[in-house]
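What follows is chain A paired twice: with chain B in the first complex and chain C in the second.
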Partner chain A sequence: MVDFFALGEQILVMAFLVTLGYAIGMFFNGFARKITARIHNRVGPPIYQGYIDVFKLFGKKTNISHGWIFDLAALFSIAGITLVFLFLPVAGFSMLSTDGDLFLILYLLAIPALGFALGAGASGNPNAAVGIMRALMTMLAYELPLVMVIVAMMVHYNTTSLAGIVAAQSNMHWAIFLPVFLIGAIVADMALQGMLMEKPFDIPIAPHEIATGPMVEFGGKHLGALMLYKMMGIVVETTLFVDLFLGGGVILSVAQYGWLAYVVNFLVWFGLITFVFFLALLINAVFPRFRIEQALKFYWKYDALVALLILIWIFVEVST
Partner chain B sequence: MIVEVLAILLGTAFLMLALNKFPKIAGTIAFFVSLLPFLAVLSWAGQMGINIPSYLNLLHFESMATYNLGAGSLLLEITPLGWFFLLLLASLFPMVMLYSVSFVRENAGGFYAAMLMTMLGTFGIILAKDMLTFFLFWEIMSWSIFALVLRGHDRRAIVSYLAFGSMSAMLILFGFMILYYDTDTLLFAHMHLAPTRLNLVALSMIVAGFAVKGALMPMHVWAPHAYSKSEEPFVAFLSGGLSKLGYFGMMLFMYSVAGMGLLASWGTFRDVSWFGYSLAVVGAFTAFAGTILAVMQDDLRKLLAYSSIGQLGYIAIGMGIGTPLAITGALFQALNHTFFKAVLFLAAGAVYYRTGKWKISELGGLGYRMPFTFLASLFAIFALAGIPITSGFAAKWLLYEAAIEKKFLFVTPIMLIAGVGAFLYAYKILYGVFLGEPRYDVKEAPLGQLVAMWILVLPLVIFLVFPGWVADMAAPILKEYGMQAIPHTPFVITTSLGVYNTLAVIFGIIGTLLLALVLYKWKPQEVVPHEDNYLAGEPPELYENISMHAAYKYYEPFEEVFLPYFRSGAEKLWEVVLYAGEILGTGARKIYTGMVEDYTMYILLFFIILIGWWLLW
Partner chain C sequence: MKPIEKEYELFIGPNHPGATGNMSYHIWVEGDKVKKAETRVGYLHRGFEKLMEKRIWMQNVPLVCRICVPEPDVNEASYSMAVEDLMGWEIPERAKYIRTIILEMARISAHLLTVGGIAASLGIYTAAQWGVGDRDYLLDVFEQITGARVYHIYIWPGGVRWDVPKNTKELLTKVLDYLEKRMPLYEDLIIKNKVFIRRAADVGVIPKDKAIEWGVTGPNLRAAGYQLDFRKLEPYAAYDKIDFEVPYYPKLGEYEVLSDGSDIYTRTAIRMLEMQQSINIIRQALKDMPEGDVLLKHPQWFAWKVPAGYSYVRVESSKGEFGYFVVSDGGKKPVRVHVRGPSYTHGINVMETIAKGLNVADFAPTAISLDVCPPDIER
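Entry: the complex of A and B
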């Protein structure tokens, strides 16, 4: 018999965490703009600008759609990215992450991306199509070093589950403290830069070339949905990085410290994802943009080469 | 009983030739006859430990027997492995026939006759109990395909199919001969191969022969031509269905005939035989290169052909690794590929049927015009790319898990990146054909074609919800090879490394979609015509002839990067083989001088060598 009370409790907790995730995502939007502005020696918008933007866009009276395929973008992007968030261990707390593993997360990440791409394609704007082409190619580019590092980690920890990898790093045995995965973290951080679409890899959006690319035809609530997707995307991607290399931000064991551990771990997790995002922002603020084939060459030649060294390292490790 | 089915298929094939003038009638009859193999599969389900409702068991085939045909005998038997592959082919076949009724016009009788003959061949291959029966039906199948490829009137396709088909048959035949020499029996069940080097050569030849049909690189050269120049229903069956026969053959000979122990006796690498490991590496290379080549195609059929080659590579990976996990994954991938690739080829055919265009850059905007075709292909593309909204993910997941379980550090990233590459060409199909600027005012595809496509989409949804059912079907096969089935329930598959709970994914998607819907429905929206975008409803007249559809050379930067590495493709390799053959042939021809004294000398030399050898022995 299904325990409805426990199920309801679990759903409530998940709803709370999803709300928290979106709140952090919106905060990150304003944070990013403020930081970039300060580096550029501007004043910049207030730090809560993300909240204002989203509420404004969802409050618009006129919303223009180009048909039902166009609407899929808004639906799939929000649904998909929320689902990915549910499958991630957040600060060591697992919502659904025991029901799926890292491969599932990698493939679930494609749902919002493809849904977004469907809507952008359906708008019929050539800029959107070019933007999607660039986005997919950037994805192909950064995925190679990323999956190489991930495969190395899976073989090293002998699990494919992200929750398992986080658990293996408990008691401060963070992966980044191992020399091989310190290099791995650098490789993956490069990939993260492409994943977050920050400069020098903001080729898909490229506001000066293709007028924000995929987003060009979206307005009102559709744009609001896509903004939410992008904000949550930042939380998801940085959390993925933190889970892989920084032990998911777990520093106190729940069994020992009870609810205090949850609070502390959540704070540490928040601090770590903010730090990871902050690093990406620093790179973003000072670099110009790559061309698409330059990005592909950067990832497949240099980043993947270092990742190959990591694979060889792990190969030697398992062979002996 | 089974011979009656074969006879009906054969008889109907002849009847089709007589009905050449009446394509609709011929098609309808062929469709109903094509249901027979499917009913046969259902009636054997009980034997495989799979319970189906009794009203589905119409034919009541319980036992198999030997049939004497003249001097020899035809030995047929159903095995779990055969049943699984027959299930795939026999469920695809009627849908392809249903689709053909509205698609095939020209010389329809010949088409249906050849199609029925391919099914006859397939039936025999899968049920064969010995090598002779196997080869006989293999040739029936191969030559019927040739008849269907001929209908495309493309010289390259015909010649390459003929060349590679013959090569495949020769390799298989030589392999069979060596095995017969070694074991003195034709029956699969009685063959106990010794771990000799000769048998290794024989097995390699057989696997290489089957790799031609399974379109593994570098034996794939015929496939892009044949897939892209024949009629779509046939291509759907060729790519979705008949290519699996290559993998069926590989599996039969690698695991049923030779067995794990024998393969391992030629050396192992992390408990995987070198034989299997090489197959896995070839499969991974095929998956990667096929994907890259698919991204570069502009012809819709060529793109699908290369994508098919890439996806088939995954099956080879699973078969090569050969753990229970990997074999289940390979079978699952075979199942998915059968249905999603068939749907995609059929959808491409439906698009052609309405627009008369094959080039992706010339199509566009059909999504709103042909919504049901679009949705069917969307599902198929989700399955192809492995998005967890369809069953496509479970197969890929099993294969990745199997590779990680064996700590394959270099094969796994290649598999994963090939999976990412699949998103690229998948979106090229979606955008180029169905999205973007509407350029054709066409109707939805005919009902028959839609029904065929949507029925083929069903398995992709069913096995999303019940991935464990495939593990159930794989269990008797694994049991035959002396392996345990992977731990599973209908919804959850567990491995030593991770868990895949499909219910969590499904309820997660439903829940999050509801959340998105609530956010989305908060405010009303108005739908505006397509031109009302940044052009403000007034497309500049100057540009009227210029398309706003950006599909021409869609992945141009990608091509610039990758084309130099793929320019000298597999065809160059085979040209080298051809050149070597020419030199050898020219040399051999010099023996025939046309002078009697030379020939006398040869005979004399022959006897001297013979006597000398006899004396020295």
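Entry: the complex of A and C
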């Protein structure tokens, strides 16, 4: 018999976590702007600017639409990114996590970007078209090294479940403490820089080249939805990194410490994703952006080569 | 069968982060390559040259500075020098030194904006924000000396409007020390940054053999390999008494010499070096500045007549040759004033020519590195 009480409880917890995820995403937006402003020698907006912007944009009347694909595309992106978030273990707490979910996450990660592409494509602006082409090419570029590192981790931990990888790293046996995955983390961090669309890989939105590219025709509620997608994207992408290399932020065992473990793990997870994002912001502040072919070259020539070596290393390690 | 149209059009400006001001580039792109570019101006036309014919000689001083916003002083200087030439005036020695200081301060502040702009067009917004921030310290000094931050209206026919305040030397030295301390940071962030070098070297090249033919002047010309600078060729103000070097390709000091000809990288490098030279010039001028008057005794301002004749005077601005051709019929107003701005050639002929074959990603950096100031196209 279906336990409706347990199901309801799970749905409530998931809804809470998703709301929290968006809240953190909005915080990250303000955080990024504040940190960048301080590096720029500016005062910068208040740290809660992300909340203000999203609420303002959703409060706006939409006057221009480019058809129903354009209207639905932002929702498509939000739905996609929320689904990815639900499949990620957050502070060791799994929501929809199952066996083989790493493949699913890699597959699902492409969906929000495709939604974004659909919307921008429907807008019919040439800047958006160039931006989308660049976004998909960047995605293609960074996924190769990222997937290779993830496969190496799957082989090493003998599981295809992200929750399994997080569980295997409990008691502070974080992957990053192994030399091979320390290099792997650097490779993946470069890929993360591309995922977050931060410099030197902010090619898809390059303002001076294509006037923010895909976002150029979005305004009002559409832009608000797109911002939400981007904000959640930061949480999802940094969480994926933390889950893979930093043990998901789990430092206390739930079995031993009960609810206290949830609170502490959650705070550690939050600290770690903030730190990972902060690193990305620092790199973002001091680098110019690559041209698209330079980014491809970087990912496929250097990043992927290192990832391949890691993969070989792991295969040799496993087979001996 | 009609071939499939693969070309599309992009508008860089007038409302675009990659545009250098109130102007626009209309580009035709195929794939990633720019096939054709057209400079579109007309967003800013105020008819300066015609307006000048309607105003008396002194009234034109507050007008000419509007022709270049980032560096207004070159306009005041060249207009004043043209009028002085017609009047046959020799301005006081102290005024010459003050003019040198003002012009070099303006050069640094314009270069800070340009170098920051080039960096921003490639994505280093940090350098751009720093540039704007550091320029503000110079504007503070301008405010102390002239009473205004942007349009100073300080260099007048016959000298400068008034003497500098007593504490100028201390104020300026403090700002120059600060700027000198900041230069290595800019270098690390821009000119020595490996990613910047990858993006900027060999992009938007003005070939050396074409540079003169195309009418390129200023840092863009020096980046192509010519040691031409009007501060040396036809010294004005106090430049003949000051010891300074003109940086030009391939003498880039400690910076790497990368490509052949004037590309984004070399143009940026030359501007960075010029800022350091300008700091050096201001320090010398502050040290050697004699005491004395700063303004000649004028005829009555409103009934002032300039002898008939014509004069062409040019100065070396941060963007290139800035010249004023002034014609007088002996009356209270000029008959004709023609402004030769460097942006006309750089922004229209040169940009339209070198844009062909550029990657669309490199278009804005190339346009910004030519340092085009739209109002001096549309006088």
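The rule is short, and it goes like this: the second predicted complex is superposed on the first by the 316 of 320 C-alpha atoms of A that agree within 3 Å, B and C clash if a C-alpha of one lies under 4 Å from a C-alpha of the other, contacts with A are read in each partner's own complex, and residues count from 1 in each chain.
Convention: a contact is a pair of C-beta atoms (placed from the backbone, for glycine too) under 8 Å apart; a residue touches a chain by one contact, two chains touch by 3 or more.
Just so it is clear, the structure is predicted and the values come from calculations on it, not from any experiment.
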Which of chain B and chain C A:26 touches, first, second, both or neither: neither
Determine, under the contact definition given at the top, whether A:41 touches first (chain B), second (chain C), both, or neither. second
Comparing the two partners chain B and chain C, which touches a greater set of residues in chain A: B
Considering only touches as defined above, state whether A:185 meets chain B (first), chain C (second), both or neither. neither
Touch check for A:130: first (chain B), second (chain C), both, or neither? both
Does the superposition put A:318 against chain B (first), chain C (second), both, or neither? first
Based on the superposed arrangement, let me know which partner A:207 touches: chain B (first), chain C (second), both, or neither? second
Examine A:285 and indicate which partner it touches, taking first as chain B and second as chain C; both and neither are also allowed. second
Please work out whether A:195 is in contact with chain B alone, chain C alone, both, or neither, and reply first, second, both or neither. neither
Note: overlapping chain A surface for chain B and chain C spans 126-127, 129-130, 291-292
So in the complex, which bits of chain A are touching chain C? 36, 39-42, 126-127, 129-130, 199-200, 202-203, 206-211, 285-292, 294
State the interface residues of chain C toward chain A in the complex, per the touch definition above. 8-10, 16-18, 29, 32, 119-126, 129-130, 133, 189, 193, 195-196, 198-199, 359-365, 368
Residue ranges of chain A in contact with chain B within the complex: 18, 58-67, 69, 71, 74-76, 78-80, 82-83, 86-87, 96, 98-104, 106-108, 110-111, 113-114, 117-118, 121-127, 129-130, 132-133, 136-137, 139-140, 143-144, 147-148, 151-152, 154-155, 158-161, 164, 216-217, 220-221, 225, 228, 291-293, 296-297, 311, 314-315, 318
Which bits of chain B are touching chain A when the two form their complex? 365, 367-368, 374, 378, 382, 385-389, 393, 396-397, 400-401, 404, 407, 409-410, 412-413, 416-417, 419-421, 423-424, 426-427, 430-431, 434-438, 495, 497-501, 503-505, 508-509, 512-513, 515-517, 519-520, 522-528, 530, 532-534, 548-551, 554-555, 557-558, 560-561
